[in-house]
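In this document, chain identifiers A, B, C and D correspond to the written order of the chains, with residue numbering beginning at 1 in each.
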Amino acid sequence: MVMPPDEPKFDDLYKELILDHYRYPHNRGVLEKPDVDMQQHNPVCGDKIRLTAIIKDGAISQIEFLGQGCAISQASASMLTDRVKGLNLGDVDKLSINFRDMLKGGKPDEQLMQDLMSLQGVSKYPIRIKCAVLAWDTLQEALGLK
Amino acid sequence: MVMPPDEPKFDDLYKELILDHYRYPHNRGVLEKPDVDMQQHNPVCGDKIRLTAIIKDGAISQIEFLGQGCAISQASASMLTDRVKGLNLGDVDKLSINFRDMLKGGKPDEQLMQDLMSLQGVSKYPIRIKCAVLAWDTLQEALGLK
Amino acid sequence: MKEMSVRNDFPIMERLIHDKPLTYLDSAATSQKPAVVIDALADFYRNNNANVHRGIYTLSEESTLAYETTRDKVAKFIKAGSERNIIFTRNTTESLNLVAYSWGREHIKPGDEILITPMEHHSNIVPWMILCNEMGSIIKYIPLDDDGTLDLSNLDELISEKTKIVSLTHMSNVLGTINPIKEIIAKANKVSALSVVDGAQGAPHLPVDVVDLDVDLYAFSAHKMLGPTGVGVLYGKDEVLSSMRPFLGGGEMIDEVYEDRFTWKEAPLKFEAGTPNFADVAAFGVAIDYLENIGMHNVRKHEIDITNYAMEQVKKIDQSIKIFGPENLDIRGGVLAFDFPGVHPHDVAQMMDWDGIQIRAGHHCAQPLMRRLGVSATARASFYIYNNEEDVDRFVDSLKKGGEYFGDASR
Amino acid sequence: MKEMSVRNDFPIMERLIHDKPLTYLDSAATSQKPAVVIDALADFYRNNNANVHRGIYTLSEESTLAYETTRDKVAKFIKAGSERNIIFTRNTTESLNLVAYSWGREHIKPGDEILITPMEHHSNIVPWMILCNEMGSIIKYIPLDDDGTLDLSNLDELISEKTKIVSLTHMSNVLGTINPIKEIIAKANKVSALSVVDGAQGAPHLPVDVVDLDVDLYAFSAHKMLGPTGVGVLYGKDEVLSSMRPFLGGGEMIDEVYEDRFTWKEAPLKFEAGTPNFADVAAFGVAIDYLENIGMHNVRKHEIDITNYAMEQVKKIDQSIKIFGPENLDIRGGVLAFDFPGVHPHDVAQMMDWDGIQIRAGHHCAQPLMRRLGVSATARASFYIYNNEEDVDRFVDSLKKGGEYFGDASR
């Protein structure tokens, strides 16, 4: 009989913080005259994310998102906008690498991750990882970091 | 668990008469200046039969066979030559229909079949029926009875 | 709703999921198997296993007998004229590809039209696209009404002399719509177009009579109808099968092979290259016996009852829930795809899993239909003979909870 | 000869045939299955059955995990770089056809040459003939020596710039010959021809290292190596798989489907259309564990021993018996095809069946080879891990009896 290695709990995935961001997303909208404007979607589940941002002196000064999709993908986008605002591109790069690594089961740098830690539970759901990563894919693509 | 309907016996298939014909075939050879000369083979097992015959007054006056193959196919050819010698084409046709029918599990006319009855056991071995019928196929083809 | 007393025949129903009893509602994707089928499969390997067709020994004869007996049973199950008309493949998808490759490459010319519908599964779209890319033919669609049924008002224009293939699903795996295939096949036959039915959701859930339908080709999968995985069926009329070239080449399908050429057997073996999946085919025969024993009319009746109940209950939860597909259960099977605004299908499915409920969320291999419906994904519950009212009740309770949990999103 | 202690693991060995103990000597056609494999299959259906890849619920995750875990095991078993290189098909035959359709139709032009050998199974001949008929390419043969080995003296001329595909069997299912495939692949690679190995008799009986072989594509069947029927494997190098067009179209293999076009996934999913045979694949993983546990070098050693013993014993029966294939067991696997003058193979097989002995008689899906050997059919005994000296003794006794029974024919 085949059993998944861990028996996860519901709240490991849908943490209160995630649901908060899903219900009341931060930085929702489209910026006018953005420096970057990028949209991506996941064909498997149809999740969509559009990011607009204004870059000043090599750092993200403003960022907003619009999207459609599951709680994980939308909360992840909302948290992303909170977390990267004000960061320079080098730090964004570092952050996104650390974030991806966490979702693949790696040990995250909690200091670096901050609220993003709440998405760690997704790593136990291979099929949902794409949801959490979509916004980050979009950002990296937008900033030419891939 | 799947089981074939009947548990047959070895001797039902390889009757003594069949083995006799296999070991010491009758009418083995090729006639000179035959009226019909026909060769057929079974691609599945490679059995081969060649029949030559001389037809007089609508009846088979002489018939010989050459062949290669299993005991069933060769014995059947040998018995065929014995049985059809002297028969007119109408009787050959009737005989071959009855023979085929017997191999499909039908009740044969024992008076008509005579020695050919010894091949009745083949009907329980679907994969071997073709062996028993090959000589008859060749004969029917040769005489234009199909 | 009358209960079917078969649930205990299915060992997996004992399974707990997150300590909750299993509520399996994804039979449109694959069905569960009764113990008799599982046991038949294991018994076959314990007692009769040998390669088929070529062996002059007891095990091989038994194996061949089991394989060919299932062919016979399948023929009778769909009322085909003869077991000669039954080809074993891997699944519906391979059956349809076989048609596209073997019939299509023999008969299709540039500009020829292939008519399908917007509710097709990818398996009844992509093979035709591959064919079109190669042969220069064109795919056309019968339009879909908002109620989830086909709009046949212009069918006489859509099916013309240019139409070479008409291929559609017996029943939609998303909308549940049961299409008026007999009427459409008749029109196709009139212009001598090849009529093909994707019966992946037909054969498991509806009585099928291929001769009465007068369909050229009918495809389905064993795994959706209590049988093992890895077995598909393609039914074909004699004259259609003989007008098709061989597809896969190899052992079993040949007659003679020379250094530079080969000849092949008649159908069905012509299309069965290599060692077939004979053990699973043997067990599939037992699945068919099981269904025949229940009776396909009773299967259908049960699904009407349970779907009716489920639709009523779901509507009570929240006015905003949209159920896709026709309301009329005479033309609808046991499939319930829905949109719960503010609650994403993936979140619904994930949440229900914690309650032991297994439903599907996604595009259901029908992306063109998703686009037509204006959604990116849906959640879907689908029913079969082992489901009962309790399953529906658990599903409905869980859905309510989901609405409360995710539902007060700000959009 | 050291006995393998595994025989008791195979439930079918308890079977009686005509009241005699089963002596199964047809493993080259299909192998028997150990209880662990049969049980794994039944357990899967009892506990974990659900469609793979798309479900966000426990059963589907378990099912997917089992399916993908086997992919991983297969990769390790043949020392492939990654599970990305492993495609699941129905059998060797489908694997080879996939190559002919997907690679062949993309890369072959009129006049191109496809090099095979006279000892190929129909499954490694007919797909190329179908390709040649369509694309105007030509089949050529590496000559065969009378001792049953390939004559490689002119290989440098045979493999030229015109050669686009070199496809041969790792081990012959009639002669037992183990071909020097590494050497031949190297020559094929040198002229950038596609190198393909039919591993139907290789993977079950020999240690295989596809990276060391540097082969482009390697095909085999689960059912010949203790696994269930209905599962085949195609290994391919990354760059080869990505240079191939999709084969079957449908669910699973697509990325996006629009009304008029589609895009597809990367390998391996690109080549796995429709619901895969996931239950059998799951059980196949257990078969691989079982073989790994024994060790393929031990499997090989056992087969050398038993074949050696069998060849010695058969020679003692009658001087006139001709054993086909090489004498040297370093280049010969556990297959013993022979000609007993005056005793037809079909009669031998039929007779042996009454003694419980299951051997094959016929052309073994290798008609060109039969012609080359100058016979229309042969009888063949083939061995696997569960066979022992007693099996050989029973076989030899029965063969003696057959000689006496049929042998004094007048020719």
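By our rule, a residue touches a chain if its C-beta (ideal position, glycine included) is under 8 Å from a C-beta of that chain, and two chains touch if they have at least 3 such contacts.
Just so we're clear, the structure is a prediction, and the values are computed from it rather than from any experiment.
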Chain at maximum distance from chain B, centres defined as averaged CA atoms: A
Pair in A-D, B-D or A-C that repeats B-C, with over half of contact pairs matching by residue number: A-D
Where chain A and chain D are represented by their mean Cα positions, the distance between them in whole Å: 48
Chain centre separation (chain B, chain D; CA means) in Å: 38
Centroid spacing, where centroids are CA-atom means, of chain A and chain B in whole angstrom: 80
Chain C: positions in contact with at least two other chains: 18, 47, 56, 58, 256, 346, 350, 361-362, 367
Multi-chain contact residues (two or more partners), chain B: 43, 128
Footprint of chain B on chain C - complex, ascending: 43-44, 47-48, 56, 58, 61-63, 65-66, 69, 255-256, 282
Residue numbers on chain A that touch chain D, as the complex places them: 1-4, 43-44, 125-128
Chain D - residues contacting chain C, complex: 11-12, 15, 17-18, 22, 24, 26, 29-30, 32-33, 37-39, 41-42, 45-47, 49-51, 54-60, 90-94, 96-97, 100-101, 118, 121-127, 129-130, 139, 141, 221, 223, 228-232, 246, 248-254, 256-262, 273-280, 346, 349-350, 352-353, 357-362, 365, 367-368, 371
Complex contact set, residues of chain A against chain C: 7, 10, 13-14, 19, 22-25, 43-48, 68-72, 125, 128, 131
Complex contacts: residues of chain C adjacent to chain A: 18, 344-347, 350-351, 354, 361-363, 367, 370, 375-377, 405-406, 408-410
